[in-house]
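Several structures are given next for inspection.
Both of the next two complexes hold chain A, though its partner changes from chain B to chain C.
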Partner chain A sequence: MSFAPRPAVQPWARVNTGRRIQILLASSIPLLATVLIIILTGLDNNIALIGVFLPLQLVAAAAVGFKAFGKRGVGDAALIVLVIFFATFVLVLLASVVFALISQGAQAMSWGFFTTNNRYVSNTTSLEYGGVGHAIIGTLLVVGLTTVVTVPLGIAMAIYLTQSQSKTKGIIRTLTQAISGLPSVVAGLFILSIAITLDWQKSGVLGSMALLPLMLPTIARVAEEALRLVPVDLRYAALALGAPNYRAFFQVILPAAKSGLVTAILLGVARIIGETAPLILTVPISNGTSWDLFSGEIMTLPAYVYNYLGSAFVPSQNRAWGAALVLMILVAILFGATRIISRSKSLKSKPTKEKASK
Partner chain B sequence: MSKDKLKAMSESSVSKPAPVRRKLSAGPLSRGDKWFFRTTSIAANFAFVLVAFILIFLFIQALPALTSQGLPFVYGTEWNTQQDPIVMQIGPMIWGSLLIGAIGVVFATPLAVSLAYLIVFMLPSRLAKVATTLVDLLAALPSVIIGLWGLFVFSPVAAEWGAILNKYLGWIPIFQVSSADNGFGGSPFIAGWIVAIMIVPIITSITREVFSQLDRDLINGALALGGSRFSTFRRVIFPTSAGAVVGGVLLGLGRALGETVAIYYVLQITFNINWGQILEPNGGAVASMILSKFGEATHDEVSGLIAAGLVLFILTLGINFIASVIVNRAQPWRKN
Partner chain C sequence: MNSLAKASTLSSENISVWFGQRQVLSDVNLVFPANKVTALIGPSGCGKSTFIRTLNRMHELIPGAGLAGSVYLDGEDIYGEDFDAVSVRIKIGMVFQKPNPFPTMTIRDNILSGLRLSGRKIENGDEVVETSLRRASIWNEVKDRLNDQAISLSGGQQQRLCIARSLAMNPQVLLMDEPCSALDPGSTRRIEETIQELSSSMTIVIVTHNMQQAQRVSDQTAFFLADDNTPGGVVEFGATEQIFNGPIDQRTNDYVNGHFG
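Presenting the complex of A and B:
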């Protein structure tokens, strides 16, 4: 039922077959040309990327844009090329970090690396001996103590920011956000000054205290977002049924926001698990396993990396890479857990309604 | 209102107008509620307590150094703990931190805004989610890992970039070096890149959120008027989100000033002010300097380092506070 012959170029369709081919050509020719130039002239890769590839790609994209949309297509093409170029650049950097970690850290990986400590290890001992077992234990203890203290505090803060009608909410929120930029070394110095003032011995618990101000803003912010996602009608319904505020929170809002709050905790742990500077300033390191947070020396993973990284000996550097990979695996596990939790939407689900109607 | 009065009122309500308006209050009714709000408000006000405690304790321990060094502590350029009386001045470190922060922000802002634009306006939602996850992963990388990577992997590459910049753009003062034999390692340029990598996720996440909360009708309207991608970005997206982006950049700057371990590994820390020759292996950073001096510090020197921490804290708190205010103002949907 066509009244007119179908035009070859459909102005309403942004991309048609002909343009697809043009785009394909425009994105492959500059790359091929650059590779060719590098092979033929032996130009430095970095120079070729910025000096040859990017201008060529811009010109090619601009040509396609001009052909398709006239003058205004040129700006579009430049925008798209630059955006993709910059974004790819960041992606390459990230990939480089992950690749370096895996390729360098993998040589250290073995069962023994996870389970043994470094008691009889010197700078040049081969990687078969010694490991990060004591550092893993130390990190779990130090971070665990921080988590136990900070989670109730942070969630209570989030409750205050979402449930109360107080006028100081805005300033507290801004202040919390400002604390989130607290330099980690300052957090360490803060606890160090307390320790000097009150004449405390350095120990694992000081490290836990130093991590608290770093973890608190993350938990408070993410938990606040999670609580905010619960429909306010649920709360009003509970209040209208005569529930006091705390019951409305514990029986209605908390179950509904559970997954969000768990995410907050996980992100908080991920935020501090790799913090190095505060631990170096406040926690004495050891090569043996220690379960005692309150006195004596205790090793943590970041301090382990820091300690062996400065070494001039290759086995020690490999230990640092291995420990860094372990640290990264821990962060990745925490991170993956938050993704899984946020995917299984327990938010706004039915159980809350049942509990609300109790 | 007493019970008798109420009774009297209800009996004679037809003839008399209600005498007193009942006072409406929205305070907590039950004892449980009182405790609920009391506990949470204590927790929330802990934010004030924390900042106050940090200031007080840092100040107590910094006082000996501050009184013995005086005002030159902030702008002087010498750190010598071998002589008597000892001299501790952190001028080059403060300047170096600002310089590295500025370099980092200059590198990170285009990268972050591009990423945010890509995620919000160009990628299909599935890929956008993947990209968001990757950016969050970048944010989750501990700084010691970035430092490790920066020392062994990135520094050599960035030194090469520095050499290229010096070779082709050496006529610009900031790319000049005193001698090319220095190898271009350990420069503020490299430290700036490291910092940029760490603040890209911060700026991206704030920009992304602002972009995705933009009024879609505005953008569609601009497109319907014949606007292109570029003109929509230039005339609609950019002006409406610039405030929040500035806030995000400031937050990133605050983070950059406080970055410790990663910079410690890639920067050559010296007590000469490097006014802007970013390729020289000569720079400073307050946080990294504290870490590097801490190992062998005497009691007096620790006081000086804590004083440096105090200066850093005040600097970053100020920047972060301004940034938070800007970000909150630019995100009205967050209020209530």
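Presenting the complex of A and C:
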């Protein structure tokens, strides 16, 4: 087997044939050996992967590395094996979740599934009828209201944490982090108990209130990091030009942190859009479409999934999988759209690369 | 053409500076006459940069900073009751050691940023942009790409853009904190030429580690020194010619001739 000589555009990437064969052997023998052991001994696949394949692969890679570069080659080879192994591991996990969603949810997918509600649908109604239209509307409304209220609060908090010199900062940061560990069901119960005490009816707005403490820490923390990354030089430059603090902040610091702040908002939305427990506790579900957040029943996607997944009837289970898939698609669309919008305005100005002058 | 503001005389009186409990400068008395270029020289850590930041009230932005003494702009104390930090900084511009153009703005917007940031109306923006860039001798290099991002410029161009940005504010005094320390000789020479031209319309104070630069651009020179664990101060202050060719103090002589520091 011979390899056509490549022009030496990357001389450091040249590998001679002997080394190539070593690498080929080192990456195939452990796999073959593991498969053989599984077949011969009937060892559990997962145990074999961690207990047989990984050590074998590490030893094989280390041997090749040692032959090529001596001691330092061993460390490099081991690192490469570990990185590839665990990256693959995590990728497979993620891919299988997505695959499960798609394969289970696909049969529910149709245009009507996105646009119609579940009025006149029973547990056994065929998938051709009914859909998650009402739940999409409900989720967008509830999450939208939470976002509208929480984003200014979270960013204001981040501003306080980065710009103020006050000594209470540490306490506030610690409290914020503590809240981020709050179980979402507790947030729901908290709002529910307030509602019962004050004799409020359950409604979409209660759901939004229950989601707020879950979203706030994420936004505040990520936005704080984004603002912290803006070099203090820029602030000094603005102040030295005679800018009052607020103008320096709004015209210089905030624009420089924009893409990070967009990320903060996205992560905040992602944190709450799939939250189920608080909504089940505080928002009465419905099968019809409702645009009213402030009274009456309103359906959300997580509540829809929860409601149908436990059903004994196959069409209902399929609806639940379909709704979960819709939720994932919704998040993907939201993320994609926000990225495109924020990129078209601010990517050019990212303070990362310095082009040479012409 | 804008009517340019008159250059002003700036002077410091018994300026002492603290960071927390530690005193870093002691009793600095200097006069910066109108239309003169003054160089501040001295080894690292002697308080030159700290001192120059007291001249436009940037020093007070550092947490724990303390100050005693006065700085007079045409006889008025900039730390007095009639002045506030913002109006001081509008009159006394500053160029920093590291070029710091606003990365989210175009070249044009960077020039106009001072006017916008200080809340002024911009009436003849194009004229301000051209005049400022010309005065910083960078107009010819950027006139065809005013709407490019400022960070697309090279380091030397960015620094001249920052000078132009300060000039757009028509300052009476321009403070420069080692403006050429990160630049190549060509950019340095151009900035030095710019300084010479600007001195006809403003007072300039420049911190530099480059002895030749101090001799080339300045009319007078102040030599700062801080002995171990004592606050820094001015050892000798006089005409540049005298400081470099006939210093009175032995330490000045040693420093300008490269024997230490």
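The definition used in the following text is that the second predicted complex is superposed on the first by the 250 of 358 C-alpha atoms of A that agree within 3 Å, B and C clash if a C-alpha of one lies under 4 Å from a C-alpha of the other, contacts with A are read in each partner's own complex, and residues count from 1 in each chain.
We adopt the following convention: contacts are C-beta pairs under 8 Å (C-beta built on N, C-alpha and C of every residue); 3 or more make two chains touch, one makes a residue touch a chain.
These numbers were taken from a predicted model, which means no experiment stands behind them.
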*Could you tell me if A:Pro231 is touching chain B, chain C, both of them or neither one (first, second, both, neither)?*
second
*For A:Leu206, select first, second, both or neither according to whether it touches chain B, chain C, the two together, or no partner.*
neither
_By residue count, which of the two partners contacts chain A more extensively, chain B or chain C?_
B
*Once the shared chain is lined up, is A:Thr197 touching chain B (first), chain C (second), both, or neither of them?*
first
*Is A:Ile172 in contact with chain B, with chain C, with both, or with neither (first, second, both, neither)?*
first
*Counting only touches as set out at the top, which of chain B and chain C does A:Ala48 meet: first, second, both, neither?*
neither
*asked:* With both complexes superposed on chain A, which partner does A:Pro255 reach: first (chain B), second (chain C), both or neither?
replied: second
*Residues of chain A contacting chain B in one complex and chain C in the other*: 165, 244, 247
*Residues on chain A engaged by chain C in the complex (per definition of touch)*: 165, 231, 233-234, 236-244, 247-248, 251-252, 255-256, 258, 346, 348-351, 353-357
*Taking the complex as given, what residues does chain B use to touch chain A?*
26, 28-30, 32-33, 35-37, 39-48, 50-51, 53-54, 57-58, 60-62, 110-111, 114-115, 117-118, 122, 131, 133-138, 140-149, 151-154, 160-161, 164, 197, 200, 228-231, 233-234, 251, 254-255, 257-261, 265, 287, 290-291, 294, 302, 305-306, 309, 312-313, 316-317, 319-321, 323-325, 327-328, 335
*Can you check the complex and tell me which residues of chain C touch chain A?*
56, 58, 61, 63, 86-87, 89-90, 93-94, 96, 98, 100-105, 113-114, 116-119, 141, 149, 151-157, 162, 165-166, 169
_Residue ranges of chain A touching chain B (in the complex, touch as defined)_ = 44, 46-47, 69, 72-73, 75-76, 78-80, 82-87, 89-91, 93-94, 96-97, 100-101, 104, 152-153, 156-157, 159-161, 163-166, 168-170, 172-186, 189-190, 192-194, 196-197, 213, 216, 244-247, 249, 270-271, 273-277, 280-281, 302, 305-306, 309, 317, 320-321, 324, 327-328, 331-332, 334-335, 339
